[in-house]
């Protein structure tokens, strides 16, 4: 049995192990659940070190990317400024202070920095993302096509703007809803959202099926032929 | 029906999905207008000698069925048109696909067109996974020299030595962005940060079925120029590709689409039957009361 | 030369959004009682904690895939309330985690809640358990945990993606009372189907502000509502201008400049 065949066999058994939850929670599932979690954790650490910490931080800091040629010359001189990488590294390590009861506040420096950075970037990102949508919602309620009213497009735009108003109204929390009409408007917003959720539900069922079909394709096209091949 | 155990439903769904896969049957896919827009855009895009197309594969093995199929068909189209493509990812689990998908497409094209060659470095370049999330996009968009910004490809070759990439200077040399992802918020990252002053790239997006309603918002506002909606979008794109470049090979996207279609029919049937039974038993309950 | 998001129009809009938040926080800190609409799911929070205690089963609280973000702070507001109830009722509280940074913050919040309930000695850091930062490994771990611990009530609040149904299904199979809330609209239908109460989108922020009465959360909610009102008025004005111009083309009315030019100055 080749290495690749063994990998496929194990992957198939693991897939079936996880799917066995559909019958009930069982030791077979539990084994693969823990295996899955363990591998995900281990892989994350190895990957971060191998693909980021080592090549992008350690190699330049230690000067390991400098090639020395037979004539004694080097590909490039050592850049001592790379040692400055230690500063953000040390700052990032402040996160670990959360585990200290006395000095937990130190971690708040790192968390605060992260939140501030994300907030600043968000300010730029928010408008880049949202403004085209806001402007896109400026739709004429009466649409003309070559001088004649386009009823289809006009009704579509009316539905759009009414949905927008009703749903936004539903999400006002600090204005009280006085009177039956206020409640009815909010209820209209809720109903329209339910229609939207129906569409989401349909598309999500499709996505779930796509997750399953990929595994079935693997089991049918790769795993089963490997099983029969190994057994014969 | 109420007593029908959920395990029987699981079994029925598994059978509905498996039968077309085992028999390898496919029916013609339905027309997807958003995928048509993506196809037309890629068919007509004109690339200057210093320009490239950037493809972001931001998906892992779990959503390979949808995003993988989309990546394959769009990349095949670009490669057939001999448009140089730079592949990269902000998602660590996508890294194996940055290597395997272009190799698979290139070898299929070479088998189909004896005498023609698709080469790494000329037709595509793998920039690998780039950690840093939105910071990568922000820095890339502001970079005056994107070749120096990326530095090396995924195999540690200097990008300045790679034919497909060496002429690209700024983000404005990226003629088109193809972003393929099912991850929450990933497309939004590109829409937020992948832009420079006076430059917003045309974006084609491949999404999973679950994110279709979200993606339509961006299509409607003009932030997306084309969209491949799940496997259905990939299957329709593939059907158009086969029409323009006929080939004999069985088409994975269309087989998967057929398999999903059968399962969707079963689910619709179960929803209808389930609701009829629920209404009937509710009425019976009222009558007895 | 300024980049496109740094225009005068954007600056004015930003100030219009920030000002009400600042006013809201200030007013709350000065002791003004701001009105917050009660959300149905909030009533169910105490019921769910009580039910788990009656059954002698644990309560679980998951913030899903939420990282350190405003959504997390809304989740932590509800968690604080749930943890206090669990401590008071002497129920076991489980808080499975997907993010190491969130774990640290969460542990602090749960410890504070136990302290405030006068039961700090019952707090066990092992209650806050890191499962995995990989989405489906986390889901597998959560499903197993829910089944093994036979939880009585489950709270699923925060950001969720494709794993949402797996998590909610696991709780439903156990017959647990489930309260969910997410800002990810595509996951809401699954929670509606499988949970007893679901908070839709920003209701999560409303619930957290309502439960904690914390000035920053209350003030932000107050400010957000005014900002939303501003956007709504802007959209309605833009729609009216677009309608006028559309009709004006045919009927020969004078053209009004589009609002988008006022907002962004330049086209993107």
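Every chain is named by a letter (A, B and C) in the order it is written, and numbering of its residues begins at 1.
Here is the rule we go by: a residue touches a chain if its C-beta (ideal position, glycine included) is under 8 Å from a C-beta of that chain, and two chains touch if they have at least 3 such contacts.
This one's a predicted model, so the numbers in the text were calculated from it and none came from an experiment.
The central chain here, found by comparing per-chain C-alpha centres with the mean of all protein C-alpha atoms, is A. The greatest centre-to-centre distance from subunit C, using averaged C-alpha positions, is reached by B. Here the largest set of C-beta contact pairs joins the chains A-C.
Centre-to-centre separation between subunit B and subunit C, using Cα means, comes to 30 Å.
Subunit A and subunit C have Cα centroids separated by 17 Å.
Counting partners per residue, subunit A has 124, 128, 132, 135, 196, 200, 203-204, 207, 211 as the residues that reach two or more other chains.
Across the assembly, subunit B contributes 62-63, 182, 195, 208, 210-211, 213 as residues in contact with two or more other chains. The set of subunit C residues touching two or more other chains comprises 4, 136, 162, 185-186, 268. On the subunit B side of its complex with subunit A, the touching residues are 7, 10, 13-14, 17-18, 21-22, 62-66, 92, 129, 131, 134-135, 138, 182, 188-189, 191-193, 195, 208-213, 217-218, 220-223, 230-232, 256, 259-260, 263-264, 267. In the complex of the two chains, the subunit C residues touching subunit A come out as 4-5, 10, 13-14, 34-37, 39, 68-69, 101, 104-105, 107-108, 131-134, 136-138, 140-141, 143-144, 147-148, 162, 165, 185-190, 192-193, 200-203, 205-206, 209, 221-222, 225, 228-229, 231-232, 234-236, 238-239, 241-243, 245-247, 249-250, 258-260, 263-264, 268. In the complex of the two chains, the subunit A residues touching subunit C come out as 18, 21, 25, 29-30, 32-33, 36-37, 39-41, 44, 95, 98-99, 104, 107, 111, 114-115, 118, 123-124, 127-128, 131-132, 134-135, 137-144, 147, 161, 164-165, 168, 171-177, 193, 196-198, 200-201, 203-204, 207-208, 211.
Only residues 22-23, 47-48, 51-52, 121, 124-126, 128-129, 132-133, 135-136, 196, 199-200, 203-207, 209-214, 216-217, 220-221 of subunit A touch subunit B when the two sit together in their complex.
For subunit B in complex with subunit C, the touching residues are 62-63, 182-184, 195, 197, 200, 208, 210-211, 213-214.
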